[in-house]
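I am attaching a structure below and will ask some questions about it afterwards.
Chain lettering (A, B, C and D) follows the sequence in which the chains are written, and residue indices restart at 1 in each chain.
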Amino acid sequence: MGDYKRQLLIWFCLMVLLAATFSSAWLELGFWNTFVNFAIAAIKAALVVIFFMHLRRGSRAIRVAAFIALFMISLLFVISGSDYATRQVQSAPWQAPQQLSSAITVQR
Amino acid sequence: MNTEAMQIAEQFDSAAQQREAATFGMWIFLATELMFFGPLFFGYLYGRTHFGEAFGAASRHTDIALGTINTTVLLTSSAAIASAAAARRLGATRLAMRLLFVTAALGTLFLVLKGIEYRHEWQEHLVPGLRFSFAPQYTDGAEIFFFLYFVLTGLHAVHLCAGIVLTLFFALHLRRENLLFANEEKIEIAALYWHFVDVVWIFLYPMLYLIERAGG
Amino acid sequence: MSDHFPMLLADASSAAGRFDWLMLSLLLVTGAMAVLLAGLIIFFSIRYRKGSAADRTNPPSGARGLEAAWTIFPLLMFLGIFTWAAFDYAQLYRAPDDALPVFVVAKQWMWKVQHPNGRREIDELHVPLGEAVKLVMTSQDVIHSFFVPAFRVKQDVVPGRYTSLWFKATKLGTYHLFCAEYCGTDHAGMRGRVIVMPPDEYARWLQQGNTESGIAAQGFALFRKYGCSGCHSAGSSVHAPDLTGLLGRTVHLQDGRSLIADENYVRDSILLPKKDVVAGYAPVMPSFAGQVSEEDILALIEYLRQTGADHDDRQRP
Amino acid sequence: MTIASDPEQNRANVPRTDEPVASSGSENYFSRDFSLKSWLTTHDHKRIALLYMASIIAFFFIGGAAATVIRLELATPQGDLVTADTYNKLFTAHGVIMVWMFLIPSIPSVLGNFLMPMMIGARDLAFPRLNLASWYVYMTGGIFTLLALVLGGVDTGWTFYTPFSTMFSNSNVILVMVGVFIVGISSIMTGLNFIVTVHTMRAPGMTWFRLPLFVWANYATSIILVLATPVLAMTLVLVGLERLLHVGIFDPALGGDPLLFQHLFWFYSHPAVYIMVLPAMGVVSEIIPCFARKRVFGYRFMAYAILGIAIIGFLVWGHHMFVSGQSVYAGMVFSLLSFLVAVPSAIKVFNWTATLYKGSITFTAPMLYALGFVGLFTIGGLTGLFLASLALDVHLTDTYFVVAHFHYIMVGGAVMAYLGGIHFWWPKITGRLYPEIWGRVAAVLIFCGFNLTFFPQYLLGYEGMPRRYHSYPPEFQVLNILSSAGASILAIGYLLPMFYLAWSLFYGKRAGANPWQATGLEWQTPSPPPKDNFDTTPVVTEEPYAYTPQITSGLVQ
């Protein structure tokens, strides 16, 4: 019956974490709100993946697969993000969709 | 271990090989699913960094009470299906069946609550493209937020529906004592899928409900 | 027409020379590699064809040193090319400070160009020889790409933001201007000419036939035409903020935020006046969305910028 | 049905012989049952491969027809054959069909499907039903796309760039994207199946470093299929929603960013190039050692290079965006990474060349295709360096230089290798030999026609002719006519194999189990193979490519 007990324990941890993230959201922490929320989400996800999904006792291939998926999606974020982080955008003060047809009267 | 004889498909040599292939296949599928959500998460990151205040303001219009209850429901359902898989492994098929029904019921409850939320949002003119109005200074950003909100939660709901059907399917097989079909391996794999849907929600919850809940 | 465009691509800008050097060097390097490989394959094919008397004792199935060599050698070569190309690329994005600004608006399927003194042209761009010209470009609809092969420059023109491109023409003549990013039905028709003129001729051309006033002056006319002056001028009876020298100023808003007034802010204030209401003023301004064109907005912004410059001049002793 | 009795018993003590195992009778996968139903409900990977083969050939010729009209139109500078809109729809149709309906499924779904289980000594893929489903999904998507293209077409180009595709195009964008989405699901199914199969179904003794390079290549391809395709799928969903609802994250008018679309699109579509070319490298790595009668040079290096290409290939997508307005810094990162991915590609070319050294080479049709591949891939790869060089790319991108470059890789490379593979394994698939001389003629014809078609396009690109142009300035005409002339030779080259291969099905000489005296488990079983591939599960005891130059090939003089 150890199995059920462990599930119950994990469930309890998840609930505690949920309560923590819920209540922290009401504190004004600025950037740290986001940080805490996502850190807790990551911990919750890790609990589910490791204990409910048995990643811990999964084969090596499975662990590698999980890692590669995470790695690839973070690549998408990091590399595309590096473009956004370093791009100097001068927003154009033009372009409003409702006037595309009407505004320009210049003849070819 | 499982005492009943496993059905082994003809391309496999042994039950162990079949089990390994099926489990690994499910994990690969989940990797695909994760990448499937990727553009949405990245789109969210784009919006969050470009329309920070608007996202905060829009997020405060989501229903945090229902969202939090739903998170509880889904986390509990994950624990239920994990226990169901454990029960099936230990041979307690009646218990496994009941837990699977509980899981499916919790999943359905989640969808019902989500539906109520959607109704609120419709009433509050928060459905982009169809019925949307928001404080003018945040219109663009808030519309993008709710666009992503509906796509993300909608897609999640579709996945959850699939999960519910899957869970009910195995629960009914167990009720008919079709033990050879609803074996440990398959229920374990269905549970993997369910947990993945749960993990997606674990991230959606702070992304959609919690950002700047305390105010700007 | 075709004698304007000789078979061998002209190199008519400062970037073109650098480009051709790099292209030629890379062509030599890769050509040498290709010839080497082709030579080896042909040589082996002949020498070791089946039935030939060549020595086949101890055929190698791997050689760690050799493999390491042909990993590391190309790697170093590639790094060299990368550095060279990246350096040139950085040059292409670093316009000289004194570059002559020219505004370009792309739309399906034409190029609209406006020079700083207000002279407009369509599908043509006149530039002076030997002077750096900086194009500030945006699109009104889809993504286009400003491409002058003879200058070896290209830049996508993206709606919703400015992109820029600079070049210094080094040869008189008429050159192709292409749209290089697929933009719909008449993409292939979105072509024009770039005409490089001697600077004095260019100066004359700028004045000639130019019925337009400068952009800022047009903006002033529009300021009155659209009735902005009715409320925003100093003597108005309507309680509206004074816009003199607005650009760059810090504006305090009703909801407690404050921001630096930039082009986007002006644009938003015209099209979405209720978005950022200035503290102390009632949100009475109607939206001009759908009535004022993007080019007019640009002119209005230039006018406001001008008032700022005048303002600063007056402040300074 | 001839299921090998009990595999557990057979597995032990089966000595590996170089002679083909005697067939358990004349019945093979092909002759078991000729009914249509048996084909449409088959779970046999070999039959599914043939279903795929028939379908992709059909799509290839539809895409080829579009290309023919394009080349005809470009023979004159004026847009006089078709209207601009029609032209735009034609090149979109060509791109969409060739990329998603032909190139991506070509080698993996046909040759990979047929050969992977045999090469690793398995009776089938891990999930045979999923395999069949993937074909049905593919056909659904393909026919859907085709219908959308026929009923009005789509004019966005295969890249679907926003905001053109979301706001400005008046064509069936959504329908075509639904079709591509569905085909993407089919790719994912195939990829998943291959990965699991390679991991769990290898025969006893078939260790990772005894896998043929073809298996390695398809395995790496599958990783890309599984991880990149879903990103494209979701991106297309977002474009579709944006088009329908006018809200979204890609159109600047709605607060979005068109470059965001480009990032997401190329996150899939650059690795997609490796989906096309990695399996081609796998095919060539099988053919060259066989006809040089020599172990492939640097086997482990080759395997690592395949994985290296698959992984680094994921990091370079931004080199499609050097002039798009992404940051200069990001451009430099992507350029550097693009040069890095060229290194493993170069290694592979060097290793193929070194494989010839001290070999005993026969120039059969597959070998000619393979050598043609090496040549064209080398040219395509080297010109890729030009495009990876930032300053050069500014001028060359979006011109015919790019068109020539990727056709060298994808048509010169992937299609050449696909045809080479079809010829190489034709005796295994059908049990018949094709007329060798015609095979060689076709290979040479395709090689020459290809170069005549696409080499002038490099020059056109340098001269500055932009791609996707319906009409062009007159000074580009000479090169365009050369290219169109080459295309007609190429077309004959591609049609030719259809005829003699079809002929050989009925009249070709019977091939034995191993007409090329090749190593590899697929040659240890009769041709065509029995339904379960092997009568007894093979046991692998030696390294792959155990060729020795002294052994002479018995067949081809």
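Definition applied: contacts are C-beta pairs under 8 Å (C-beta built on N, C-alpha and C of every residue); 3 or more make two chains touch, one makes a residue touch a chain.
Source: prediction; values computed, not measured.
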| item | value |
| --- | --- |
| Centroid-based (C-alpha) most distant chain relative to chain C | B |
| Interface with more contacting C-beta pairs, comparing A-B to C-D | C-D |
| Whole-Å gap between the CA centroids of chain A and chain B | 15 |
| Gap in Å, rounded to a whole number, between the CA centres of chain C and chain A | 35 |
| Set of chain B residues in contact with two or more other chains | 20, 24, 28, 31, 35, 38, 42, 46 |
| Chain A residues counted as touching two or more neighbouring chains | 61, 68-69, 72, 76, 80, 84, 95-96 |
| Multi-chain contact sites of chain C, meaning residues that touch two or more partners | 141, 159-161 |
| Contact set on chain A toward chain B in their complex | 3-4, 7-8, 10-11, 14-15, 18, 21-22, 25-29, 33-34, 37-38, 40-41, 44-45, 48-49, 51-53, 58-59, 61-62, 65-66, 68-70, 72-73, 76-77, 80-81, 84 |
| Contact set on chain D toward chain A in their complex | 167, 199, 223, 227, 231, 251-254, 259-260, 263-264, 267, 314-315, 318, 325-330, 333-334 |
| Of chain B, residues touching chain A in the complex | 20, 23-24, 27-28, 30-31, 34-35, 38, 41-42, 45-46, 49, 64, 68, 71-72, 75-76, 78-79, 82-83, 86-87, 89-90, 191-192, 195-196, 198-199, 202-203, 205-206, 209-215 |
| Chain C - residues contacting chain B, complex | 255, 272, 274-276 |
| Of chain B, residues touching chain D in the complex | 9-14, 17, 20-21, 24-25, 28-29, 31-33, 35-40, 42-43, 46-47, 50-51, 128-130, 132, 140-141, 143-144, 147-148, 151 |
